[in-house]
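Please go over the structures that come below.
Below are two complexes that have subunit A in common, paired first with subunit B and then with subunit C.
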Partner chain A sequence: MKTTETERATRSQGSPRGDAGVRLALNGTLLLWLVVFVVLPLGSVLANAFWTMDGAFVVKDLSLTSFSTILENPVYGKVLLRTLVNALLVAFVAVALAYPLAYLVSRESSRIRNRLVVLVLLPLWMGYLMRIFAWQILLGRQGIVNSVLMWLGVTNEPIGGLLYGPVSVWIALVQISIPFVFVPIYLSLERIPDGIIESSRDLGASPRKSFTRIVLPLSAPGIAIGFVFAFIQAFGDYVTPTLLGGSRGILIGRVIVSQFGIAYNPPLGAALGLIVLAVTVVSVVVVLRLGAREAVLE
Partner chain B sequence: MIHRFFRNRKLRAVALVMAFALVLTACSSATESGSPESPTGQLRLLAWAGYDDPSWISEFEQQYDAEVVTTYVGSVDEMFAKVRTQGENFDIVFPDSSSIARYVETGLLRPLDRSRLPNLKNMLPFWQNQNYYEVGGDMYAVPFTGGATPIIYNATLIPDPEASWGLLWNKEYAGKLGMLDDSNNSVVITALYLGLDDPFNLSDADFELVKQSLVEQSALIRKYITGEDEEANLLASGEILAAPEIEPGIADELNAEGGEYVFAELFPKEGALAWVDNMVIPDGSPNPDLAYAFLNFALTSTVQAGLVSKYSFLPVIDVQAFVSDETKAKVANLAEFIDQLQLLQAPEDPERRVQIWTEVRAGS
Partner chain C sequence: MSSEHHSGSLIDNASRSKDDQSGDSATGQSPAIELRGLSKKYGDLDAVRQLELSIRSGEFFTLLGPSGCGKSTTLRMVAGLEAPTEGQVYLEGKDVTATAPERRSTSTVFQDYALFPHLTVLGNVLFPLRMKRLPRSEGLDKANKILQLVGLAGLEDRRPEQLSGGQRQRVALARSLVWRPRALLLDEPLAALDFQLRREMQDMLKELQSEVGITFMLVTHDQTEAFSLSDRIGVMNDGRLEQVGTPHELYYQPRTLFVATFLGNINLIRGQVESSDNDRVVARCGPLRVAGRSVSGSIPPGTDVTIGIRPESIRQNAAHTAAINTATCRVLSTTFLGSQEVTLLEIAPGIHWRCYEERGRTTSNIKGGRTMTATWDAEDALIFTDSDDKKKLPL
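The block that comes next holds the complex of A and B.
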């Protein structure tokens, strides 16, 4: 023991230059990573958002044209608001479904627990598009859900509204988010020692009270993070609404995409993207703060 | 211009690999161009995958002892950008009819000498009578091939529909219709349906009418279509009964699969949409003599019959004598409706069209 400690001490003291070199290399790598994957893409969006178009060409002069277009035309605000409501709804439902699941799993013995976690994460092994196509097959007029409903006599005609409308988009987005919501909630619940819950019961708290006063507040950070994951996913996704959505009620992702086809208006697309980013950042900060405050035991 | 993104996907994957290999060889080979009478050397194409099909390119290479090198593009914008920044690397480019004006205005093309294009006389009258390829009295482009966008419909459940875009506004089929998820094509189709004078130059009043009509239609639409496979699935599963056919040949494919329903195409009396790709010579072309040779070669049955047989595209010359019996029927059908084709042109204000489309899709 003693030798290893001295060795360690001499090593760290002995070659300060080597350490500095390693640190420099590590920091350099980190910096490079940040520049390539964060600074450059965001910088490009930021720059584009403040450029403008002249015919088919992007003019690289500072301009607020794109933002005034967005403000002047109510359709962008409307779509943005709808996307926001949609994402909040998906996040709430995903948390509401994932929480009981995470709670039940976290109270199992560790052997069973780990197997159950793998089961919950299983959908992640399947491609994202595959899951969307699966929903098309399940929810279509001739799909399994409609066949079962008709066989049960619940309905005589296939229900068209299941697919290609808000319902199918919600179902798919919730299903896609559940593993991401489950994991942080599960981790926060798993960390609560059984002893604390038992103590509260010993001190006379009802099961309900011990849940609302002990378990729920302690798992709040997990809920907040899970909520944020689901919200970001639902707010930015455009593939799911495009493939499963109906004829009305497009979301902001689709509007952004359409600025890059025949319209070829990258500045407007970038400006919309920037607004989406801003809304997301604000929502994330608010939700995470709420979660952190709740986590403090009263 | 949705068809660009969905054409020949398998080919394109192969094409990417080939393009990379070809770029390497292109860098090394010397340029040699022969004389105007007997051109030879290297011909560089900037094209969509499939336009340099080996079945006709190898024949051209043998005939002129030439080497054809193709660079592939994936979008209209990419093609334009490449010609603008490196036009001197290409001898022939294949822009669509609606882009010609943009290329000419930017000064990227050299005017064509009709006297060096004897095969222009092979073109069907419909193509000879077009004027989109002429700007300021000069000819800049030769039509290569095209494709129509008729209505594809479920002939089992809609036995005998009227030949009109009105089918896609028919309340009887509410919730069972499809439309293209693309601002320009949808606006043009609506303008044709409404019988507006010029679907590519809409007035403010026209725009209002088109928008109203699209909003009305959206209540009847099951799904706005983004791709060929999606459309085929929606039709085969009976989710939709009719929609504009996003790519030529979907009806044939579905019928060949032999599913529950039979599908047919219908050319609306108000005019069916058609895209056309052309051949142009960039101003900086290193080997214009060989380019002229290719322009003439492309207007022969070798190339044109191949385009119809392989891809169900529109031929620009009469190919009836050179195709299989099966293809003959298809060509005859296309020939019958050729005068109803409305070639895509540059829209007056693409941004405004996207704006209207966004408003329609945003709903209320």
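The block that comes next holds the complex of A and C.
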């Protein structure tokens, strides 16, 4: 805090008028950016959520109708809960898969390390939709997975449950979020000097203790951020469940979208969106707090 | 678990519980650290070659050498952080070559301290005690005592990033000493500190060592540090141990040209042996004749040798005109350094020697450009054959 104050003080000593102009331009840009990309969309959602419907028309009167609809109809709560559990599961699995990968990569020599990181991030160069379609090809009745299983003689008939169900949604969501989970975990692991791990061994820690007492707490912030990335992705995503989820196990994203389309009830969609936002914000704050505390706790 | 702890004083429990062996009589006699034929190869590179070394219990031993000579690798092999390619490491008579670092009775202080950034000062110091499953109250007691000893009382709750370099160094020392290892291994621990702080830490190291009475093994490239701290020093060069001895022995009786040139200043001149009577050798170096002491016994006449004379062994302007150990030379410059005066002499074309003289209040009467006579004693002229050194020095 002190340094920023002194910095500001020294900075403002220079030509005051020119400085003021620059500052106005910079702050103005920031303000404009915030208004266009944050305030307007959020404000629109917020406003919509407290409006109501009269037949096929949105009535712009303050009302809690949408929220009471959500509370009265248990379907919404069920879908929200299912989405939450789904997102938590995806985030856990993604972290569980990305962590060992990140750990192994981070202990390689720097040349190999950089190549491996590029390999892990390679899927990001491919479009999001492309990857989902790829999963359709892989998991479909005539897909590669079924063909291989049949060729190996594991089954005689193609397994139908792979595609258009929760499993394919989980697989795709995990695969999509792995690079995003990998990066923060990798960065936190790579920052741990070898000397610290050696020193823990030297002071009597077994390899296991050295991992649980030193490496894990030091990489906790990375785990938390990675978890949050995967969670947000899985909680809010609507494309993957739509294309891979079939009709079973509808998730909240699809419900919200339908409120702006077929079901046409924008206030209800906005209210649900607001709840999703609130759940996300709360989870992010909780997880990041946990991660930060773990890193600091002895 | 072999690390069960019996309650007791700070001194006695230590790491002995780590070793399942409880032969105390053997502990008393065996060297604290013994290296036998220890070698380390990295691919084609010989980092450490066939090291033979024995460090006595309670000794302050230093491995001294230029960077890249293999001294840190040697220390890491003692700690168990590096596996030797060949040879064995013995700690108190017990072969620990295959023992994991956490099961060795040594403790390392790393050059960059390697403190745990997520733990407080106290947390760092408690870490080894927790790993040894010491009850918390007992651990706290020991941690507080050691923090007091290194002068960190009151900073227990700080994090490493909130400490100065010297304070971090003290935490590293406290953390390594708190569990009473049998030997403390120090890997250039003072290199990152500024001059003043280094001095203070040197004093503290020396005090600590006499306080805790365990074996210290230090690795450094700083000759002054090695001399001021060590009981004995091993000089390393190119993966080999060139010579082991007290600072005094190494300085006055270097066995190789490398040791002679690495420790302090020495004036060199090339020559050919004229005659040799055991280690008494007379050599001709162009216009000069030098009588000196061979470091490796008798040398056959005609052998090429290098002669080294310490700057402080040269006397200027002496009323002495013998045909041997006397050089008529030109004074290039004199530099006044307080208690000492350094004179640069041209002993022969292109060969410059230094000469140190203690100066009282008398001002120098030797000016640059003058001619003078330099003399020295045969005892102070050291004669090295080329085979004494694996690596030839440019002359």
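Operating definition for what follows: the second predicted complex is superposed on the first by the 282 of 298 C-alpha atoms of A that agree within 3 Å, B and C clash if a C-alpha of one lies under 4 Å from a C-alpha of the other, contacts with A are read in each partner's own complex, and residues count from 1 in each chain.
The working rule: a contact is a pair of C-beta atoms (placed from the backbone, for glycine too) under 8 Å apart; a residue touches a chain by one contact, two chains touch by 3 or more.
Since the model is a prediction, treat every value here as computed from it, not as a measurement.
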Subunit C versus subunit B on the shared subunit A, clash or fit after superposition: fit
First (subunit B), second (subunit C), both or neither touched by A:184: neither
Superposed model, angle subtended at subunit A by subunit C and subunit B (C-alpha, nearest 10 degrees): 160
Superposed model, subunit A: greater residue contact from subunit B or subunit C: B
Subunit B versus subunit C as contact partner of A:205, first or second or both or neither: second
Touching partner for A:140 - first (subunit B), second (subunit C), both, neither: first
Which of subunit B and subunit C A:259 touches, first, second, both or neither: first
Touched partner set for A:250, first subunit B, second subunit C, both or neither: first
Subunit B versus subunit C as contact partner of A:75, first or second or both or neither: first
Touching partner for A:164 - first (subunit B), second (subunit C), both, neither: first
Smallest distance from any CA atom of subunit C to any CA atom of subunit B, in Å, after fitting: 46
Complex contact set, residues of subunit B against subunit A: 1, 76-77, 80, 102, 175, 179, 181-184, 218-224, 226, 230, 233, 237-239, 350-351, 353-355, 357-359, 361-364
Touching residues (chain side subunit C, partner subunit A) in the complex: 3, 79-81, 100-102, 106-108, 110, 112, 114-120, 123, 126-128, 131-132, 175-176, 179
Subunit C-facing residues of subunit A, complex: 193, 195-196, 198-206, 209, 213-214, 217-218, 295-298
Interfacial residue positions of subunit A with respect to subunit B in the complex: 53, 56, 73, 75-76, 78-79, 82, 136, 140-142, 160, 163-164, 242-243, 246-250, 254-255, 258-259, 261-265
